[in-house]
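Residue numbering begins at 1 within each chain, and the chains themselves are lettered A, B, C, D, E and F in the order written.
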Amino acid sequence: MPVISVTLLPGYPADVETRLVARLATAARSVIAASPAGTTVFVNHANTYQRDGNVFSSGGPARLVASDVVKGFLEAMQQRDLDTAQSFLAGGFAMRFPGSAVMHSLAEMIAWARPRYRSVAKDYERFEEVWRENDTVVFCSGTLRGTWNDGRDFSGIRFIDRFEVVDGKITRQDVWNDVAETLAAQA
Amino acid sequence: MPVISVTLLPGYPADVETRLVARLATAARSVIAASPAGTTVFVNHANTYQRDGNVFSSGGPARLVASDVVKGFLEAMQQRDLDTAQSFLAGGFAMRFPGSAVMHSLAEMIAWARPRYRSVAKDYERFEEVWRENDTVVFCSGTLRGTWNDGRDFSGIRFIDRFEVVDGKITRQDVWNDVAETLAAQA
Amino acid sequence: MPVISVTLLPGYPADVETRLVARLATAARSVIAASPAGTTVFVNHANTYQRDGNVFSSGGPARLVASDVVKGFLEAMQQRDLDTAQSFLAGGFAMRFPGSAVMHSLAEMIAWARPRYRSVAKDYERFEEVWRENDTVVFCSGTLRGTWNDGRDFSGIRFIDRFEVVDGKITRQDVWNDVAETLAAQA
Amino acid sequence: MPVISVTLLPGYPADVETRLVARLATAARSVIAASPAGTTVFVNHANTYQRDGNVFSSGGPARLVASDVVKGFLEAMQQRDLDTAQSFLAGGFAMRFPGSAVMHSLAEMIAWARPRYRSVAKDYERFEEVWRENDTVVFCSGTLRGTWNDGRDFSGIRFIDRFEVVDGKITRQDVWNDVAETLAAQA
Amino acid sequence: MPVISVTLLPGYPADVETRLVARLATAARSVIAASPAGTTVFVNHANTYQRDGNVFSSGGPARLVASDVVKGFLEAMQQRDLDTAQSFLAGGFAMRFPGSAVMHSLAEMIAWARPRYRSVAKDYERFEEVWRENDTVVFCSGTLRGTWNDGRDFSGIRFIDRFEVVDGKITRQDVWNDVAETLAAQA
Amino acid sequence: MPVISVTLLPGYPADVETRLVARLATAARSVIAASPAGTTVFVNHANTYQRDGNVFSSGGPARLVASDVVKGFLEAMQQRDLDTAQSFLAGGFAMRFPGSAVMHSLAEMIAWARPRYRSVAKDYERFEEVWRENDTVVFCSGTLRGTWNDGRDFSGIRFIDRFEVVDGKITRQDVWNDVAETLAAQA
């Protein structure tokens, strides 16, 4: 136990149902110390479904995987493909970096970064998702490597990004890292 | 839809079952854009349950709420009640702060912090849980306030902590913050 | 088949659950020519139930049996216990008799009936309920007997009453009968 | 709540399953004051089904909608298409009008009506179904309009018909109306 | 898989429900090569149950374990407690031994055995149950030991008994063994 | 009651699901004296199924019917088609006849039988299956007929065979019969 049955209208792709049963098992086991072997989840397809006086013929759409959205954004940023990066952002997107003001555009961010380093890339250790009522928070953490403006290389600088993803678009990014700590140590 | 039924052995406290149905609803809605109104979750109590050739009379124990574990630890640390704080930590506990090595004891951490600030407190903005296969990651973020060793006060310095909680004990803490950024800006 | 399972929060009296399973069986068999032997309905009690982001600890209240409401009203009327009869009526109650205007009070109705017969009673053949989205219509039919104002007795005069019952109160009564036909035949 | 699951063998048309879930919701809400939003009904298809020692490969046939049967009969009668009208009647059909004896044939009824009015049509206000163990009672009510034998028109005369429909055929019709009341008022 | 849910009226002792889930798991695994770990069976208690137009408040009674009935009979026979042994037999009980006619009473059987051996006891290797539509067949097999009428001891003679148990009573016993084979070998 | 629902992954042939629901009904009724009319079993197909952290796309394979395996073996033996007979046997097959040692090959058995009778055939009265945790025991019983080595015919000699069938192969056969009894009676 638990045995979890999910009744759904048919029509979802197999990978969506697979993700659904996996997340339900994980969510259940976050509350109860059930063994994986005893945690059973399965999907039943309902054939006709009425609620609130209406018969529905299809369920709500499948959501994008929020961490995939974030990965897409980060990859486009790393390649400085700003159009693609922009396509992952919601209207009122806001981002904040260590020591920066709240910025609302990618151009603003790039201008802010220019005096700081010539290039930067992220080595990801983990992407982690927090499922919330109406959105998903994605944390990604790992280390930065790149080249300072004076030509010296750097690597292994810890970072963590926090993203809020609503309806498949990033609404907010907050960044923490050890860049200043590293520079102070070097000074 | 979805309609999610969870069959459990009886014996869990009401708040555990409440947490269970809430997390299952959230997990399901992280995959499918179902309306809250159409997301139904309920617990059925099984009366006799056999799996793997055995009849079980009770389910796996309820887990502690991982963010409550973290809150307990942070509160004890803030009050410098190290015995209580220690009680939240697992055997091989490891922690890392900006610019620190990996530390394994609270005493080590306090020694590391002493040259940095006279006192520090956290204003929490959010605690967020990532449910994973066998543990829970808790992120807490907000701002730091306190007093530098030279007597000046500080506040509003962004921080984020990442904790891994296994079986109700914290195994790891990673900390990022803008302390160095702030000091650099003040220099 | 069908096998119908109804998941409910516990707390309903046994007669309510009995009425529920009976009506579900009847409703199902009004759509499909299933044998009674193959029509199975049972109630499961949910132990914790969340929908629309809320955990509910009890279900909607049991409704009164609409035909019992009507029977109570008719019995009180027959005994000219107008206070009791009034207690079965909703605020905007309206009633219409053959040849009458729409009346809104029992006093009005009694005044209307006085020139027509000295006394009248109903022999009921059947009470029948139409279950609707938000209310129940009750039909009762049978024959009238009583005494005309000239002292002659009558009986066997067909009648039918249609009642609308909302939330346990009668909002409307429409009456048809063969009184005029009978008087015409006697003329 | 309630959450109602109906397990059926596959093979029913979509409109039959839609009618089934709608009627089950209505029947449940006639017993319990559940909100429409919280009343969930869905159909599961069983893949192999045994009861009473037999495996069944299809369920009982879908029934006709009883009020559709009545509407078909009434429309044919209004158009004096007696063959079609007759096709809606069961073998031992019986009908009774105000002041009439019990009649068993449409010809008998037409003969009975001839001295009463030259033509008559019904303006329907509502068709209502009472689902019973083995049949359905249909009530239709509204007003009559037409032409008396003396050439004067009439309209707005209240009527109600009660039909019993067994296995898709009408076995009985009982009619009440205010014709005599109207004639008496005109006299 | 399979996940088997059994909906029952409450009231059965725990050992009956335990036997029920065990036998259902075994029956399922006799058809499908499912792993024990993946074979889940649980009992749900229905709270109100209608079938065939009736609401039932309790289920059919629990049956005796047929092999326990047989064991009780055999033990009483071994102790020559004929009254107790008789209590396990149904009205038309019939038994047949190697070379015997069909016998209907224990007295008859004892008379038949007397010329054959002075005493006999059974060393049981196994009791096995065949579950059938309306009764259970119990096989018990093992070896006989005892004393011939000439005083010599014997042992290790293979036997098998087949019993039919209907409603907790033995209706038939058929016995095979190697007694004649053994005697022939000794001759 | 009981109402038994079996959730399976799709893909089993219809006859396997039919056998499954039949055996589950029989197993349930071996524990509870439920009427056949009230014993409902049906198969639900799960669409996506996770247990033990894995999503499975098909269930365990269907097993052969153990009594069919035994029938196939017995038929091949009767026709002295030893290759086919051998194909029904598992690696460590063992068999024991009245008075025989444990034999491991069909050739051994035929050699053992040769001095006993010129030919033998079985008239089967019943095949009965005992479903066990990991295998099935099949009993077949009836009478033997054939020809002794001296040319005389025999018939009506009771026999019973017990077979153990594991994964569709016979691992063991034990035989009891009244051959010696019959010969002794004839002597």
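Basically, a contact is a pair of C-beta atoms (placed from the backbone, for glycine too) under 8 Å apart; a residue touches a chain by one contact, two chains touch by 3 or more.
Given the structure is predicted, the values throughout are model-derived calculations rather than measurements.
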I need the common contact partners of chain A and chain F, sorted by label. D, E
What's the fewest number of moves from chain A to chain C, given that each move must go to a chain touching the current one? 2
Determine which of the two chain pairs, A-B or A-D, is joined by the larger number of C-beta pairs in contact. A-B
Using mean Cα positions as chain centres, tell me which chain lies farthest from chain D. B
Quick check for the class: compute each chain's Cα centroid; which one is farthest from the centroid of chain F? C
Using mean CA coordinates as chain centres, what's the gap between chain D and chain E in Å? 58
Can you work out the whole-Å distance between the CA centroids of chain A and chain E? 63
For chain D, give me the residues that contact two or more of the other chains. 1, 3, 5, 7-8, 20, 36-37, 40, 42, 44, 46, 49, 51-53, 133
Listed by label, touching pairs are A-B, A-D, A-E, A-F, B-C, B-D, B-E, C-D, C-E, C-F, D-F, E-F
Which chain A residues qualify as touching chain E in the complex? 1, 3, 37, 40, 42
Going by the contact rule set out above, which residues of chain B touch chain C in the complex? 5, 8, 10, 14, 17-18, 20-22, 25, 36-37, 39-45
How about chain B: which of its residues touch chain E in the complex? 7, 44, 46-53, 55
For the complex, give me every residue of chain B touching chain A. 1-9, 12, 16, 19-20, 23-24, 26-38, 46, 49, 51-52, 56, 59-63, 66, 96, 98-99, 128-134, 136-137, 139, 141, 158-160, 162, 167, 174, 176-185
